[in-house]
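You will see two complexes here that share chain A, one where it goes with chain B and one where it goes with chain C.
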Partner chain A sequence: MNTLYLDGQSLLHRLSTRAKLGGLAVFSVFLFAIGHPALLGIAAIAAAFAYASTGIDWKPGLARLRPAFITIAAVTIFALLFQPPMEALIILFRLTALMLAAAAITATTTIGAFIDTITWAAKPFERIGLVRAADIGLSVGLVIRFVPEVTLRYRSIRDAHQARGLKVRPVTLLVPLIIQTLKNADEIAAAIDARGIR
Partner chain B sequence: MDIHFEETSVRYEGRTALEPLNVRLTERRIGVIGLNGSGKTTFARLINGLVKPSSGKVSVNGFDTVKESEAVRTEAGFIFQNPQNQIILPILKEDIALGLKRKKLSAAEIETAVAAVLTRFGIPHLADRRTHELSGGELQLSAFASVLVTQPKILILDEPTNQLDLLNRNLVERTMAGMDENLIVITHDLALVENFDRVLLFSKGRLIGDGTPDAVITQYRSLAGA
Partner chain C sequence: MSTRDLVLVALFAAIIVALGLVPPVSLGIIPVPVHAQSLGVMLAGVVLGAKRGTLAVALFMLLAAIGLPVLSGGRGGLGVFMAPPSGYLYGYLAAAFVTGYISERFVQSGQPGIVQGTYFFVAALAGGVFACHLLGVLWLAYVTGLGLQAAFLGTLAFIPGDALKALIAAFAGRAVMVGYPLLPSRA
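Right, the complex of A and B next:
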């Protein structure tokens, strides 16, 4: 399995995971609290600098964000159709800033560190009997773990189509992708059980 | 080791995967062989509680695999056919540490235990490596480490040499030979179990052979027409 984490010694790598996730939460609230496009544009540029500071090469750096960029572009185009252009611009900057900041955190934080921190953050809810903190941490970790996995699977199914001379269509890609992902999720669940992790 | 199957059967959607089985396993090294679809993996998964019996019961060192699954998994570790499915997190040392999270150990204790198990399998240099970069043999040893860090007394291995080249297959065999844990090995690699204490042969969901490796492997060869 692949990982979104990049080895490195950047400032973001050295910051504690709690500080990074706390900072991301504050940044997210800030992005939704303000509605000025110039400020949001500055926030997006700052987030882009943060992402670049992780040491990632620009080509793979952009490649891993491509699906998110496509989604943001689709949302922006949709907004342009039904809302004033300024609103669409606000949505574009807001989502781009959020995505870049989250990508910077993901690139500099290992899944193990995510699990530990989310588990720690969920402890108060465990104390009042609402959740099992370790389950919340593990769930979030597994979601992050599966992101590159699904991308790899998508590529291998696409390559298999091309190797067999089949036209690549979303439906013929999505069905095996969903089946394979669910099957893999089952196997991981069995491994979690077998290893007594939960 | 004391594993006890009492009238244990497994059915999936009307199909019988394992006929009612009565057997007691106490030897230190047990091989399980049989053709594809013969019920070997179902048998192995019953021991760890990954498969629940449709009837009867299985106990491992006195613990019921259904009612006391947590205790059973402390006693018996399971190595999957594909080590990629065994390893949950992408960085090896984090994955191994994950197995210890429920033990309420301090970070330093977890670090020590992870380092010890990696050293035991001769792979301390892989601690920070990404698991997708490891070779087949390294991955299999990593799977061993991920399970044995919790110190189970019994280790169940489902076709541990299945996807390995000869070099890595021999590495896994040597590693298994040096292990103190009780081993139950499901395999098509007959050489792997030829020095074991006992071998079981399954066919069409039934235990049809049980005895010394020589006798049971001969029976299997005859069954397979080899």
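Right, the complex of A and C next:
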């Protein structure tokens, strides 16, 4: 599984994660507060510039945006049916600006930087006793570590079904997957405790 | 939170990720293959209960947010939280919580299989269909600006498929309850 981060030296790459996330929040509020299509169009163009500045190539850059843009196009068409065309234009610009800004931040922020920021943000909750900030990074690491194993187990179960001539059905596939995966929990927990990680 | 609970949450989040990575499956009568990821969300509630199920889904969403392509179709990044269908993603959280809560409340170990299965089905419908689609529609209507009428019409098309997934989640939940019960009781 490759992350969506791309190495580079742009301005966005050099900004701190907190600044980028804060900026995105402010940008979102701005986008929803403004109702004028011209201003929203300018915002969309600015976001497009930000995305282009990350240094991403044309093809992968557009490929990333495609799923989101398909839904935006569908919504715009739907909106044209039920609402005046100016409204549909506002929706189009607003959502496109959001999509581009978010994609720009994703392309310029490493997983490590995100985890550091989230751990920092969770510290106040740690004082209340709601969560341990270090647990967040640990859990993310655990999931990344175990996804390949779960995928492999899924394929083995599916192959075992097919070898026995059974049709591949969701229930008969998922139940062994869940039980076998979760049964490892005790061993893994013991390994974590033995290493004093937590 | 015990280490074992933390690991259970992480492992289930890995299951949800894996369900988006493997090829889509055909769900019985529906000819179009679908990704089993939303099924995984209902399963999180049914197998782990409200708290751990919701945490598993939250962890999964965190992975998507930090830039891993874990959403079905290889999608990820902050953009998936700000697009028109994002309401359904936030709805996953509500789905896991509602499904888990109802499951904990009504399902007990002594009950006959058909009763447990029925409760799980109700729980999965309430969470995976009702709660999830509610948030999806609200997001489409108000954040996307589509308006309630259009949003509601648009969501209706997906309800039969999700109801079928709820049925599958009920069967699977009952089978997991037999094999490796993890559901805490809140009765």
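Here is the rule we use: the second predicted complex is superposed on the first by the 123 of 198 C-alpha atoms of A that agree within 3 Å, B and C clash if a C-alpha of one lies under 4 Å from a C-alpha of the other, contacts with A are read in each partner's own complex, and residues count from 1 in each chain.
In the analysis below, contacts are C-beta pairs under 8 Å (C-beta built on N, C-alpha and C of every residue); 3 or more make two chains touch, one makes a residue touch a chain.
Everything quoted here is computed from the prediction, not taken from an experiment.
Chemist: Could you tell me if A:Ile188 is touching chain B, chain C, both of them or neither one (first, second, both, neither)?
Modeler: In the superposition, A:Ile188 touches chain B and chain C alike.
Chemist: Where does A:Leu40 make contact in the superposed view: on chain B (first), on chain C (second), on both, or on neither?
Modeler: neither
Chemist: Does chain C touch more residues of chain A than chain B does, or is it the other way round?
Modeler: C
Chemist: So, does A:Ile111 touch the first partner chain B, the second partner chain C, both, or neither?
Modeler: It touches chain B and chain C both.
Chemist: If you stack the two complexes on chain A, which partner ends up touching A:Ile179: first (chain B), second (chain C), both, or neither?
Modeler: Once the two structures are laid over each other on A, A:Ile179 reaches chain C alone.
Chemist: Output check: A:Ala134 vs chain B and chain C. Expected answer is one of first, second, both, neither. What do you get?
Modeler: Only chain B; A:Ala134 stays clear of chain C.
Chemist: Would you sort A:Ile91 into first (chain B), second (chain C), both or neither based on which partner it touches?
Modeler: Only chain C is touched by A:Ile91; chain B is not.
Chemist: Touching A:Gly196, do we find chain B (first), chain C (second), both, or neither?
Modeler: first
Chemist: So in the superposed three-chain picture, is A:Leu12 touching just chain B, just chain C, both, or none of them (first/second/both/neither)?
Modeler: The answer is neither, since A:Leu12 touches no partner chain.
Chemist: Would you sort A:Ala79 into first (chain B), second (chain C), both or neither based on which partner it touches?
Modeler: second
Chemist: Quick check on my understanding: which residues of chain A belong to both its chain B contact set and its chain C contact set?
Modeler: Of chain A, residues 1-3, 5, 110-111, 115, 142, 184, 188, 192-193, 198 contact chain B in one complex and chain C in the other.
Chemist: Per the contact definition, I'd like the list of chain C residues that touch chain A in the complex.
Modeler: Checking each residue of chain C against chain A gives 1-4, 6-15, 17-18, 21-22, 25, 27-28, 36, 39, 43, 47, 59-60, 62-63, 65-70, 73, 75-85, 140, 143-147, 149-150, 154, 168, 171-172, 175-176, 179-180, 182.
Chemist: Which residues of chain A touch chain B in the complex?
Modeler: Checking each residue of chain A against chain B gives 1-3, 5, 110-112, 115, 134, 141-142, 145, 184, 187-188, 190-198.
Chemist: Help me check something: in the complex, which residues belonging to chain B touch chain A?
Modeler: Of all residues in chain B, those touching chain A are 48-50, 70, 73-74, 77-78, 80, 82, 84-91, 94, 97-99, 101-102, 130-132, 146-147, 150.
Chemist: For the complex, give me every residue of chain A touching chain C.
Modeler: It comes out as residues 1-5, 24, 28, 32, 64-65, 67-68, 71-72, 74-75, 78-79, 81-83, 87, 90-91, 94-95, 98-99, 102-103, 105-107, 109-111, 114-115, 118, 131-132, 135-136, 138-140, 142-144, 146-147, 149-151, 154-155, 168-171, 173-175, 177-179, 181-186, 188-189, 192-193, 198.
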